[in-house]
Amino acid sequence: MARAVTPQRKAINTIAAWIIGLLIFFPILWTILTSFKTEAAAVAFPPQFLNFDWTFENYTTVQERSSYFRHFWNSVVISLGSTVIGLIIAVPAAWAMAFVPGKQTKNVLMWMLSTKMLPPVGVLIPIYLLFRQFGLLDTRTGLVIVLTLMNLPIIVWMLYTYFREIPVDILEAARMDGASLRKEIIYILTPMAVPGIASTLLLNVILSWNEAFWTLNLTAAKAAPLTAFIASYSSPEGLFYAKLSAASTMAIAPILILGWFSQKQLVRGLTFGAVK
Amino acid sequence: QTLTIATVNNGDMIRMQGLTDDFTSEHPDIQLEWVTLEENVLRQRVTTDIATNGGQYDVITIGNYEVPIWANQQWLAPLEDMPEDYDADDLLPAIAGGLSVDGTLYAAPFYGESAMVMYRTDLAEEAGIDMPDQPTWTDVMAAAEAFNDPDNGTYGICLRGKAGWGENMAFITAMSNSYGARWFDMDWQPQFDSPEWTATLSDYLNMMENYGPPGAANNGFNENLALFQQGRCGIWIDATVAASFVTDPDESTVADNVGFAQFPNKDGVDNHGNWLWSWNLAIPSSSGNVEAAKQFVAWATSKGYTDLVAAEEGWRAAPPGTRTSLYENAEYQDAAPFAAMTLESIDAVDTNAPSVQEIPYTGAQFVSIPEFQGIGTAVGQAFSAALAGQMDAEAALSQAQQITTQEMTASGYIE
Amino acid sequence: MGRITLDKVTKRFGDAEVIPPLDLTIEDGEFVVFVGPSGCGKSTLLRLIAGLEDVSGGEIRIDGTAATELPPAKRGLAMVFQSYALYPHMSVRKNIAFPMKMAGMPKEEQERRIDNAAKVLNLTDYLDRRPGQLSGGQRQRVAIGRAIVREPAAFLFDEPLSNLDAALRVGMRLEISELHNRLETTMIYVTHDQVEAMTMADKIVVLRAGKIEQVGTPLELYRTPRNKFVAGFIGSPTMNLIEGPEAQAMDAHTIGIRPEHLDVSSTDGRWRGTVGVAEHLGSDTFFHVHDTGLAEMITVRADGEVQLRHGDTVYLTPQDGKLHRFDEQGLRIA
Amino acid sequence: MGRITLDKVTKRFGDAEVIPPLDLTIEDGEFVVFVGPSGCGKSTLLRLIAGLEDVSGGEIRIDGTAATELPPAKRGLAMVFQSYALYPHMSVRKNIAFPMKMAGMPKEEQERRIDNAAKVLNLTDYLDRRPGQLSGGQRQRVAIGRAIVREPAAFLFDEPLSNLDAALRVGMRLEISELHNRLETTMIYVTHDQVEAMTMADKIVVLRAGKIEQVGTPLELYRTPRNKFVAGFIGSPTMNLIEGPEAQAMDAHTIGIRPEHLDVSSTDGRWRGTVGVAEHLGSDTFFHVHDTGLAEMITVRADGEVQLRHGDTVYLTPQDGKLHRFDEQGLRIA
Amino acid sequence: MATQHSRSAARVMISPAVLLLLAWMLIPLGMTLYFSFQRYNLLMPGAHPWVGLMNYKLFIQNPAFWTALINTLLLVGGVLIATVVLGVLLAILLDQPMWGQGIVRILVIAPFFVMPTVSALVWKNLFMNPVNGLFAWLLPKLGMAPYDFLTQAPLASITFIVSWQWLPFATLILLTAIQSLDSEQMEAAEMDGASALSRFWYITLPHLSRAITVVVLIQTIFLLSVFAEILVTTNGGPGNASTNLTYLVYARSLLNFDVGGGSAGGVIAIILANIVAIFLMRAIGKNLDA
């Protein structure tokens, strides 16, 4: 369909897409802008777009109040940790499902996904008791465990759809060439699936980063990630829009930037085999 | 040693976090870790932890509602052997009484509050209204009507509407007390079918509908504070601590124009609501650092801390409502125009007889039984729904009656 | 060195018996081609030999030792897949080195063999490229290179040329033949391409539904097909098979005559018919003759110069001794 | 009804001129085949005619009316794609009905035409299946069915058989030819398959790099290729092209002789050489002769019965009048 | 690939994942089930008497339960419809040639990265707040009455917020799916005389069905347990107007600290979620095979 698109048509597309894109993005933009305003300017009517006195005061206040970097570091450790461990468990499982499919494979996969439908609130108290029992409360280890289990079904599914696209021939060739199962996975499967693994990794980092129920309920101070950081701004006294915006910006910025930079991988991985 | 301290994200607590250098320099071996959370989340986290013996926290911030209940469960370490200079006798008796079980203190008050009326003197002047020091609800309603000017973004009265036993139910319970209503009769039968409750709720809804701000059903203390600071409320009836914020010229656009009055009563009912709340520091018995925690609690609720705040931020910012000595301090009286009214309000509270009728419970703007959190919140939701226009007062009350009866039956209070 | 014996080898997928018990011996150094219609079990048989599938019954012996239970890597065979199955993330050099690396061969020996294979296969200039940067024929050669360096007892090829275009196919066909001449290693080659089978094989195995229909040299199959199936399967255009009175006249249920074994005349001959579609290839002309009184349409291959048009009348005569006769079971009558 | 004229039609993709100005007339009812090496612009040309690409210059006329600016649907042409481009979620019936539904044709008429097409194409039993449940050949027929029902002025086929296996290809080739005989509609057919081009075409257009090298009937191209390119491109195995003294002796820069036009003798002949690889196809034998004193290796096609082995000495003689001569520009010398 | 050896290897390889998930499902679930038959209030330590099905009875009899059930379905359904419909339209728009496509994509994808808590806070305070929010300023400008979103249309507002978060996800998957559509199919349809609208309806949309099922499945998994958005914006209110099952269970077990009741609610929620799951799995299982 390489017929010429008239410039008018392209211009209309462009304008429409940009308007919609900006509308969708606007709340985030507005939050970022607000974070640079004084509290008074933040609630001023009519709203001030760029014509306000920019200030970094909110960021300093927020940083003074809670040590952002510790929360940030917890978030990094927890989300990366759970994703990496999840991958280590999921790669063999996905290998088995993709390359040695049995009659039950599909059912096992669907069952795995259905465990994600367990409403977390329903099992908080049992988990809390277990965690207390094993001394996992307020530890990063504890959160890594929970988030790994939470996201494992998704990781398995994503890897499974990815692996299915890898021709069996190549694994068989490796086998003929004398590779053991372990070597087959390490030297052939994993390197070939790098794009898929990367996008799985990304999506799960994002999901873990944003997970707000378990991270909030199973931590106190030591292991609390950014979700807990944000929770302390949810309803403070007095005017707080600017401070809230600053805290929000700080909480979402890392993942937003990561997401933007790795957009392509993410999009490819997200398709869950929906696109053949 | 590291102490993990759970606090509410309100201004006084956050200020305390900024001043901890003073403590850590005195106690170099003690490190402090802060968990700052919104009130509801904090309560849920702390309760889960203490009830399951989780031991995550060494110092917790809890209200005077929980203290006696939890102390009875042996969940709190008694605050005996406090350091010499702590001077427990200096605590306001109404406050200290609520935090003691059998004469032993189980939590140290960080600040205390009752409720009072805050209003805009500039608007009152404009409208030619004279707010008495002890207004009745009739006075308040008349003033609210006069102040209401929604076209210019000023609303007559701001009251709590957000559902929650510590949010709208705190206010409505206090209001009902002042209307002569009670939660339960002596057989623990809920009383929402009484005429006093009908009067309370319909007056509340009327005021809010006619003179309240939009979205009131989602407004709690913080939202109303923000509104009042922006000059959007003519009257705000809420906790006395608010006074120091609304008069803070850095944050409040109406700092110079705030007047104070006692919590209203209904004509003929001698009850000013009996609102008493304090945020207190307590030590879970599951903590492994009880001694260090005591050091910290003592520091944070000491006279010395008050002086420290005064030195750093001025007297007006001193945590109010806990110590007699503060109210005797002339500097404080000068800096805090609301001091007298605050003390008067607190002194007027009798937590043993919050209602004028006979009741089987103690409490103030709450009922001091463990089930109250659940019941209060469920009832609060019904009232909030009424405020949002989803049902009328009558339906809300009968729903409240039904919920409460069910819960009380389930918990074995009534057959 | 590369004698492979299948003894009552059977394969079932669930309930479906894809290979009924099958016996076959492949001699050392032979070039054996498996042909047969799609789905007849050629690939399955190859994979059984390779060890990529378990046999359901029977024995496989390689050089006299039982291999039935051995994992693929231990059988000393190398396989070249239809898709080449190169490792896309490794350079050509690494691809070729992989089996040696897995075997833990010393580096120098690896280098030596890689250089050698690269020279033989004309890949020296491409050793540092990735498979994605190679043309189809080059990839094919890398796959062969990877197989060669292991110095296997036998090579297994599963339709290795079917992804190449016609011109390349001819070239690669010659290269593999030459390789076989040089290495003299046993090769088992699966294809569905007539020409490949005929030109490359020492021995062709014709399979149908997992059963061996005939084993023999290409010309044996061409000249003396054991049954109607083989007769129809080998040769292009297909042999004309004629039933009815004409066949009975020759004491057969069916008679067969290849298109190239019919003499055409415009004046007289055994069968008289009308020309239908005529396909002019330049070098040859295929035409289809109707209305000969036979039930079947007859295909004739004639010279490129023959000038016959749709509707012309022709006379056809089968050449001497080129008639095949089959009985009711379809078996050849000697 | 289906006369298509291209007048100085040009196509550029960005800076690359894929089709330089090109003139071509296709007569009503003709079966025209475009051939040429990969990337020469065959598909592009077809898509320009279909209206799926805009021309960069020139005029296209269909039945005398200017079509250059018309959208594809308005040109009254039907196209059969290489991938068939069936709608995977619709049944065969719906697939075939789709163009009529789009044209708002009455239901009964639709039914009639579907039944008709299904009968013609032997699809009646498959009308309720999805394309995914059909074999390659059946899909191919559905694609044609979808084209037929529109009763177009001309059919455009872009390598419609290249996804089929060899046996099916032969069958479908005949079916399309018969369809053309029956419908007598103009057909333009792109292929890179020699045999298809030779057997199906009324007229072959040989393209190279977007330029027409020769237009003519298959036998014209086979017998009198206009230049070396066409000579080498048409015919299989390829024509032997010989340069050097032997050619100069015949007043040409290059002489060409087809493998099938060389007589083989073991005793005497014009060129003496040694047999290299011999490929026995049963019906024919191709062998490669080296060391003839000519620079080039010569390919010879001989009878299937010829018994020559690697290393034998043979004598080759070109048949009378079958030699082609080309000048330095590669053009035929008459 | 199916040798005995590889099959047993597969069993070994899949077992860590299966065992972990089984434990993750069964242990807490078992405990929840166990608690659900007890009178167990966190605030009242001591014995937890066995009360049989009373917790279930109370949970179901509570009128809030039915409201919550309906709200859950409305929320999930609403978000699914909004994201799929808008996602398809947006995907088609983004598939058109335009300038700065990459940047537009970045803008559109952004909400997906925002934590639910943050997005709820931002929408609630900066936009929907009836006094200070941007909408409170904007609506009168557009000649509309000011509207208190979270009070007057709480569920719809939450649906809107959640849709905003998930629209990027749907759009991206659908966009990739559209781009994977065989261009020859489009061209064939064009030659067949289909208008742009017919092409969308008869070709594009059916082609997207598989991608749509995946979007629906994944989103449902996450939407059934929407929680933070409700907690932050409305606390399930006013009344129960925006309480979904998850929130109701939360309210029981963590606001009332009624572990018994909460567990009963949790069990009910799990059962309902699995009913939805079975429906979906059926549908998607079919679609994924095809």
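For clarity, chains are labelled A, B, C, D and E in written order, and residue numbers in each chain start from 1.
Operating definition for what follows: a residue touches a chain if its C-beta (ideal position, glycine included) is under 8 Å from a C-beta of that chain, and two chains touch if they have at least 3 such contacts.
Everything numeric here is computed off the predicted structure, so don't read it as measured data.
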{"item": "Cα superposition of chain C on its sequence copy chain D - rotation in ° rounded to nearest 5", "value": "175"}
{"item": "Interface with the most contact pairs, given as the two chains involved", "value": "A-E"}
{"item": "Intercentroid distance (Cα basis), chain D paired with chain B, Å", "value": "90"}
{"item": "Chain centre separation (chain C, chain D; CA means) in Å", "value": "27"}
{"item": "Chain centre separation (chain C, chain E; CA means) in Å", "value": "56"}
{"item": "Touching two or more other chains - residues of chain E", "value": "1-2, 42, 132, 187, 190, 254"}
{"item": "Residues of chain C touching at least two other chains", "value": "52, 71"}
{"item": "Multi-chain contact residues (two or more partners), chain A", "value": "1, 43, 124-125, 129, 172, 231, 233-234"}
{"item": "Chain B partner contacts - residues on chain A that touch it in the complex", "value": "39-40, 43, 64-66, 124-125, 128-129, 131-132, 137-138, 216-217, 220-222, 224, 228, 231-240"}
{"item": "Residues on chain D engaged by chain C in the complex (per definition of touch)", "value": "38, 165-166, 170, 174, 177-178, 192-195, 198-199, 218-219, 221-223, 234-236, 258-260, 277, 279-284, 301, 304"}
{"item": "Complex interface listing, chain C residues touching chain A", "value": "50, 52, 71-73, 77-79, 81-83, 85-89, 98-99, 102-103, 146, 150"}
{"item": "Chain C partner contacts - residues on chain A that touch it in the complex", "value": "167, 169-170, 172-179, 183, 187-188, 191-192, 194"}
{"item": "Interfacial residue positions of chain A with respect to chain E in the complex", "value": "1, 5, 9-10, 13-14, 16-18, 20-22, 24-25, 27-28, 30-31, 34, 43, 45-47, 89-90, 92-93, 95-97, 99-100, 102, 106, 108, 110, 112-127, 129-130, 149, 152-154, 156, 168, 171-172, 181, 206, 209-210, 212-213, 226-227, 230-231, 233-234, 241, 244-245, 248, 251-252, 255-256, 258-260, 263, 266-268, 270-276"}
